[in-house]
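In the two complexes that follow, subunit A is the common piece, with subunit B as its partner first and subunit C second.
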Partner chain A sequence: MNTTAIGTSEFNRVASFIWQELKPRGKWLTPFNVISIPIILLGIGILYFRFVYGIGFVTNLNQYYPLGIWIGFDVVTGVALAGGAYVITFVVYVMRMEKYHSIVRVTVLNGLLAYIFYAGALTLDLGRPWHIVNPIIGNSFGYNSVLFLVSWHFLLYMLTMALEFSPVVAEWAQLEKARKFLSGLTLGAVIFGITLSILHQSGLGALFLMAKPKIHPLWYSEFIPVMFVVSSIYAGLSMIIFEGTISHKVFRDLLAGQDHHRYEEIILGLGKGAAITMFVYYFFQALLFIHEERWELITDAWGYWYLLEVIGLVLIPCFMYAYAVRNRNLGILKVAAVLALLGIILNRLNVTVIAYRWYDVDKYYPSWQEIVVTLTVVFTEIWIFRWIVTRMPVFGKRR
Partner chain B sequence: MEYYTYVNIFETKGLEYLLLMCFFALFIYLVRYLSGPGKKDSAPRDGSAAGGRMKGAGH
Partner chain C sequence: MDRRRFFATAGTAAGTLLHMKKSEAANAKEGKEFVGVLVDTTRCIGCRACEVACSVAWNNFVPDVKNDNALDHRRDTSDKQYTVVNRFKTEKGDVFVKRQCMHCWQAACVAMCLVNAMYKTKEGPVTWNGEKCLGCRFCMVACPFDIPKAEYLSWNPRIMKCHMCYERLQEGKKPACVEACPADALMFGQKRELMEIARHRVYSHPDKYVHQIYGEQEAGGTGWLYLSAVPFDQIGFRTDLGTTPYPEYTKQFLVSVPLVLFGVPALLLGLSELSDRKNEVRESEGWTETGADE
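Right after this comes the complex of A and B.
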């Protein structure tokens, strides 16, 4: 058999395998499917009108409120929650803490999908989405804008995470040589990815530096970029705990037996990291509070809202994490993770939407179409995540 | 509301140093608290898991 024939035969085998894998598996009538399918279909319909009639047709955005929940939640919050990928790859491949190796694949997959969907949602928000390639192809680099840095970093980081995840795809497609080659690139990809990730987490914060007069002074500071990076660390760790808890219940049959007993140790370790990071973040906030003399700003409703975020959803979950780790209480640990995630969501929405033009009488509120499209993005990501983990060796087994 | 406020960076320095000293003192305490023996010998408690013990997951 000559080389061409062998190549064709191998291609046919892989194509046939992928075709088999594309067929649906498992029950269709599940609560998640019943809720998500109508919302996704409605979201696709809304997106049709958005692209045909323009962004103003389905959103409440205008010249005064250019950033709605598609940016505030999907992009800015979504990227913070995806921070777990760079934290865990750093811990495993650079710090050599092998204890966390078993969660690398699922964490990188989560990060990759989060960037594809949440950063991809940026295209929905652009008036002329086809211009998104301009900073890359040089039609207009715009390198005096923070967005130049963010767009390049997003693109490169997505490619890096795809490279980090590629050995799993090669293993799934039974391409042993490709798997070995791709595995050899992992460490370099990880180091490159960590650098990119830290820079664009801060880059997203730097976008708001030019909006000083528009953001409430309790949320604005010159250190927004630093605060975004630090908070993305505990956001990522909390997201891994939250996602791991759900995966533990939903994909129980896929989990490799030897990992079951290590799970407690892993999430307790993550909780420890989250507690320390939140403690540092809280003191950064306190330092900014004193430095910028914000005392008189906390006596009104905005001040109470700020205290809810910083004390209720940062300091209290920090103590809860510490208590849970010390006493090995997984129940409290999971509640702390949820509170920390709520804190991150609230912080990012405060900066981008809620405390943005806080002095206006006519505030921006998202339209129902914006909320449906946001849910569509989230549910579609979960569908793809489910499809991948039930077929590829992400957890150790396949269905 | 297009205005800027200028902050005197020396005005709050005393309080900032005090805060930093508190931070370092408390940070050492936190790390020691987290690294302490705790209840290492006991099984992790989880109210949501049947039987009070996580059935385990992992990835």
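Right after this comes the complex of A and C.
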């Protein structure tokens, strides 16, 4: 009876604490709020029509382009950009490079939210989303399906990342015992998470292996899965640099305690990692180019488009990263990160949408509703991110 | 009338049961034999009776064959019609070609589907099950023939494609289109028999047919086979699909999944042990001790 009483009072404490934390803080009329709130409301309105009248009512999808930017950008690109979480947990928990410890929490949080929102955006695109539990329960296991593996790995990886982030939540809710227990699980979660990441990053590429006659030969090869994994490494690193730069401006007061010089060292280290993986990726691209004898393919517009991606948005940012690290030039480092991210977005969109059925006259292009819904997903994620970092000890100290 | 209907129904039911027993026994004895349809485009007269019969049988949009002038432009199967007939102007005159699901031996859509909603039945037809389908539309990405079509303007969309009248086959009937064809252009049967008939026609009339049976090898072989008087790329067929069954393209990846699933954690655990500072200190201490012993 005594324990029950304590349990109840503890529950009341936590409940009232969460209620307090749910209330908004800070100014309302920020530029971000002014832009994002109307777009999110509009997006919700569009989604109403999407679920009542069908996907075709708000999108430009048709019988030949079954996948648009909701898959090509939100899911396939979003997951690549969220690769930072598995790369950083590898560096910190497996290689034990303590230098990067201070960015683990924010990177894992970004990864977790990216998966929840961008992989979650998948449900907006599913024709029958209420059947989404079918691959998990019941007798409907398509064992030989790449998609089956990807969906399971998505689910397990989200749980893994939630576990990796859970000590922060426990610390926020002041549950010391739970925090200790959850911290003990981190290394196991990290190792499982890295394995799952390699599998589903490559799996997203493997989904397009059977689309061989539909993808332009410059973007199709049997090595799409390998290319997707390697590029997700530098995509993740570039995203950390990019997000870190914005966070340092926006959440300046939260980061007040941090040594700026140390942060500089961290992003220069990330830039070095990105430069090396980008060069490896470029080398693979060059090998594929020679091996598959693609010389004749680069003389038309598609060839120039390919060169823009591989030279302009892989090789050039790779050299820029190398230069920036050598000369400790943070300005060029940030430009390199932006170019590298554009290269990733372009690559994923090329495979899924742009170079898909390149021979068609009537190409798919996204409708304004598809763009608004995509922005809604991105903005909602940023809202949740902001709510968490201003309340939980993500950047280090609790506010 | 009522009594007659009752007897008819009972008869059909009994016939179905008997037939099912028989076909099961046949399957057990001879191993499975996939069925298919042989389309002889030199015989097709473009009457589109197959389109009508199909749509009537499956409650889809029934085209007004006499007045819609649909043969004037190229059409594709849609979320409203499982099959369409197109007219191609060739050096040998007008050629009519029926289009529908090819019912691949190893179907890309089936291999892609994560819930077995697309399913290759043991009789050969590739069917779709709406109870399982998520509506992800990756079957449409995978299909080399662009056959599955989605109902985009529905809150509960179906994936629409020919299922070779699977339900009719189970009743012992032929597919609706085959039954409706007045020109004998469509022939239903087991693929092995159909191949023999097709080869016989090509060999005995070498001037009439091109020496290729579309579907014998394409995409690893299909249930529907086509004969033609003109090269197949002139009558709307893709001839660049290769002879590899499409699921083969993902095989390498699927085989490597268990290797990664067990190999990578082992590697990472090892790396983590190696990089652990605590081990490093202990080792250096051990080293000095042995050094002192010497």
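Assume the second predicted complex is superposed on the first by the 392 of 399 C-alpha atoms of A that agree within 3 Å, B and C clash if a C-alpha of one lies under 4 Å from a C-alpha of the other, contacts with A are read in each partner's own complex, and residues count from 1 in each chain.
Rule of thumb we're sticking to: a contact is a pair of C-beta atoms (placed from the backbone, for glycine too) under 8 Å apart; a residue touches a chain by one contact, two chains touch by 3 or more.
Everything numeric in this text was worked out from a predicted model, so none of it was measured.
By the touch criterion defined above, A:128 reaches subunit C but does not reach subunit B. In the superposed model, A:51 lies in contact with subunit C only, and not with subunit B.
In the superposition on chain A, contact of A:279 is made with subunit B only, not with subunit C. By the touch criterion stated above, A:191 is placed in contact with subunit C alone, subunit B being left untouched.
Contacts of A:212 after superposition: both subunit B and subunit C are touched. By the touch criterion defined above, A:373 reaches neither subunit B nor subunit C. Common to the subunit B-facing and subunit C-facing surfaces of subunit A are residues 212-214.
Interface residues of subunit A facing subunit C in the complex, by the touch rule stated above, are 51-57, 59, 61-64, 66-67, 90, 93-96, 122, 125-129, 131-132, 134-135, 140-142, 144-149, 151, 187, 191-192, 194-195, 198-199, 202-203, 206-214, 222, 225. Contact residues on subunit C toward subunit A in their complex (touch as defined above): 76, 78-79, 108, 111-117, 130-138, 140-142, 144, 146, 149-157, 159, 238, 240-242, 246-247, 249-250, 252-254, 257, 260-261, 264-265, 268-269, 271-272, 275-277. Only residues 102-107, 212-214, 217, 244-245, 247-248, 252, 255-256, 258-264, 266, 268, 272, 275-276, 279-280, 283, 286-287, 290-293, 322, 325-331, 334, 359, 394-396 of subunit A touch subunit B when the two sit together in their complex. The touching residues of subunit B, counted against subunit A in their complex, run 1-5, 7, 9, 11-12, 15-16, 19-20, 23, 26-27, 30-31, 33-34, 36, 38-40, 42-49, 54-59.
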